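Structures given as structure tokens follow.
Two complexes, one shared chain (chain A), two partners (chain B, chain C).
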Partner chain A sequence: MTTSDHSVLTTKDIVVVDLMAETKEEATRALAQKLVDDGRVTDLEGFLEDVAAREAQLNTGLPGGIGIPHARSSHVVVPSVAIGTTSKGIPFGAEDGPAHLIFLIAAPDGAHDEHLHILAALARKLVHDDFKESLRNAKTPAEIAAIITKEVQK
Partner chain B sequence: MKIVAVTSCITGIAHTYMAAEALEQAAAKAGHEITVETQGSAGSTAIPQSAIDSADVIIFACDLEVKNKVRFNGKPFLQIGVSKVLVDADSVLAQAVTIATSEKSPKYGDIAGQKAGTAPSAKEATRRGFLAKLFGKK
Partner chain C sequence: MIVTFTANPCIEHTLVVSQFEPNEVNRAVSHHRDPAGKGINVSRALAQNNVETVAIFPSDAVNGPWIVRSLAVEHVETMTISIRDDVRTNVTIVDQSGHTTKVNEAGPTISASDQDAFASTLESALALRPDWLVLAGSLPPGIDVDFYAHVGRMARDHGVRVALDSSGAGFAAAAHAGIADFMKPNLDELKELSGRLLPTIGDVVAFSRSLLRDEECSIVVSLGSQGALAVTTETHLWAVHEPVSVKSTVGAGDCTVAGYLSADIDCRRQEIGGEEGLTVRLTTAVAWGSAAVQLPLATLPGPEDVTMHRVHVHARPDEATHIKDL
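Let's turn to the complex of A and B:
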């Protein structure tokens, strides 16, 4: 199995445009499967359990139509973000409506601080409207991955 | 106005940093000076004590126990959950400004249950034990 470049957070292989999912569980599972297929997560069910445990604490739907299911997990190989877009929206628990951009954030358990700086940089970008707008307007997985790499890893 | 903020969240990889960025954006817009300490997984750099000393108010947008609380003793403060900042950073700042300008505002470390350095309550200890089990953190 060939995998994408693991030195970057996101590649076109782990981005899904027009995610086919009705619920946040389905959306999270579909994105997690992408991480498994790309060799970034070792155990699908184990990872999903870790994400669900975090989700049970507090909804990860945020104002502005984004959902950020996430976990630090022993089943994660490298810091990764799988991204799904959906025009109809998937309920993630935010008060202002469903999520149109979903970021599944995976951090290795016990990762060294430096490895997590890149995730912190992404998180900071997520509150910028122009950043979210550019992702919503992107048409292809490659375009979305390129925006993330340019804005977060420059 | 000079503001210092501390942010933290359960996993320490997302909300902590989003809240910091949202507070910085809102402060810039409102013309306030802000320094944020992110107590997350990517390590945290302590705010210089001089910045704390000269701050008019401290915002704790924290879902976890604040690290090294004693630094903030005696300062007017606002304590909220981290997601509140992500919902409306502007009104959080406005609330902090109100607290800073009111002489009746309680000071950090002064009121019952807020005393820095005291042992956590039994309930809090249970909650932390539960979180530690879930996330493998101390």
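Let's turn to the complex of A and C:
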């Protein structure tokens, strides 16, 4: 099995444009499967349990059509951000409506601070409408991966 | 109990109009008035979260008593010092297309006798043996630049810990006097104080340590959406809140201070010290600050708004990391 470049957070292989999913569980599973296929996550069900544990505490949906399911997990090999877009929207618990941009953050368990770097970088970027707009307007996984590499990767 | 001092309080009068037009009669679709000023904000945030607090501030004939009554409704006790000039009213016009227009009054000029009255009122509050005295906000015209340093020494003589959150010359004088047990500058304020650029975590940590009097003292440097760094002589921690939707950053720094101090009281009661205690304090500080930015202008978070488990903490991040790369 060939995998994408693991030194970057997002490659085209872990981006899905027009995600086929009705629920946040389906969306998260579809993106997590991409991470498994790319060798970034070792155990799909184990990883999904860790994401669900976080999601059970509080919805990760943000106003403005954003969903950020995430977990630090022992099943994660390298820090990764899988991304799904959907024009019809998937409910992630935000008050103002469904999510059109979904960021699945996967960080390895352990003493590293990659998880914080990803959260901080996304927090900084998501304040800007043009960042969200550029992702929504992107037509291909490669375009989206390039935006993340440029704007979020440190 | 936490005593706050606000040298230059104000009434924040917010007017919401559908579309603001200069040179026209604009009609407000809604309006509200809030008591404000950094120390008053800290007290309001503490009271919202059921922490006992007393706010001390100068009061005129009209605006001051209004602030006192408004704070009483929010369970904030007050002690005031009468002054001759008007307490400020700051007007904010918010337009529904998102434009904000502010008109701030300069505020009163403080005389030498006013300043003596400030000091003696603060001294009587210190006699109540509060857990903390919070000196917050910049000093108004007329007050000696070393007023905070002077009051801080007074607090230390009473065995009361001092939190300092200010800027400008009054902050610099107090920060270098070693009177503060806790300070919460943002990165720009810390840079200004150091006169340097402080590009890396190591630079921020080293300069912050130069301001710490002993191992009991701490500094939290707020970094906006990138969270905050806590520094003691022993360690440094970085905390980030998960991404949130930002409504208004006004007052968020004051909530950060309130969160830190509230957690400090809990930690001392439960004897949680060292890095564990610092983690709890920093997590609470960042959680309260992040809760505040998600609320509309001048709305302060209560317990139901604070999401501690959405704050992630990392001990001793690499000192070579540039702050801009966090």
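Quick note on the criterion: the second predicted complex is superposed on the first by the 146 of 154 C-alpha atoms of A that agree within 3 Å, B and C clash if a C-alpha of one lies under 4 Å from a C-alpha of the other, contacts with A are read in each partner's own complex, and residues count from 1 in each chain.
Operating definition for what follows: a residue touches a chain if its C-beta (ideal position, glycine included) is under 8 Å from a C-beta of that chain, and two chains touch if they have at least 3 such contacts.
Please read these numbers as outputs of a predicted model, since none were measured by experiment.
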| item | value |
| --- | --- |
| Partner chain in contact with A:Ile68 - chain B first, chain C second, else both or neither | both |
| First, second, both or neither for A:His117, with chain B first and chain C second | both |
| Chain B versus chain C as contact partner of A:Gln57, first or second or both or neither | both |
| Chain B versus chain C as contact partner of A:Asp109, first or second or both or neither | first |
| Partner chain(s) touched by A:Ala142 [first = chain B, second = chain C, both, neither] | neither |
| Which of chain B and chain C A:Leu44 touches, first, second, both or neither | neither |
| Touched chain A residues, chain B compared with chain C | B |
| Partner chain in contact with A:Val8 - chain B first, chain C second, else both or neither | neither |
| Contacts on chain A seen with chain B and repeated with chain C across the two complexes | 57-58, 60, 62-63, 68, 70, 113, 116-117, 119-121, 123-124, 126-127 |
| Footprint of chain A on chain B - complex, ascending | 10-18, 20-22, 25, 38, 40-43, 63, 83, 86-87, 134-136 |
| Contact set on chain A toward chain B in their complex | 53-54, 57-58, 60, 62-63, 68, 70-72, 95, 105, 107, 109, 111, 113-114, 116-117, 119-121, 123-128 |
| Touch list for chain A against partner chain C, complex | 57-58, 60, 62-64, 66, 68, 70, 113, 115-117, 119-124, 126-127, 154 |
| Chain C to chain A touching residues, read off their complex | 224-227, 238, 240-246, 307, 309-310, 312, 314, 317-318, 325-326 |
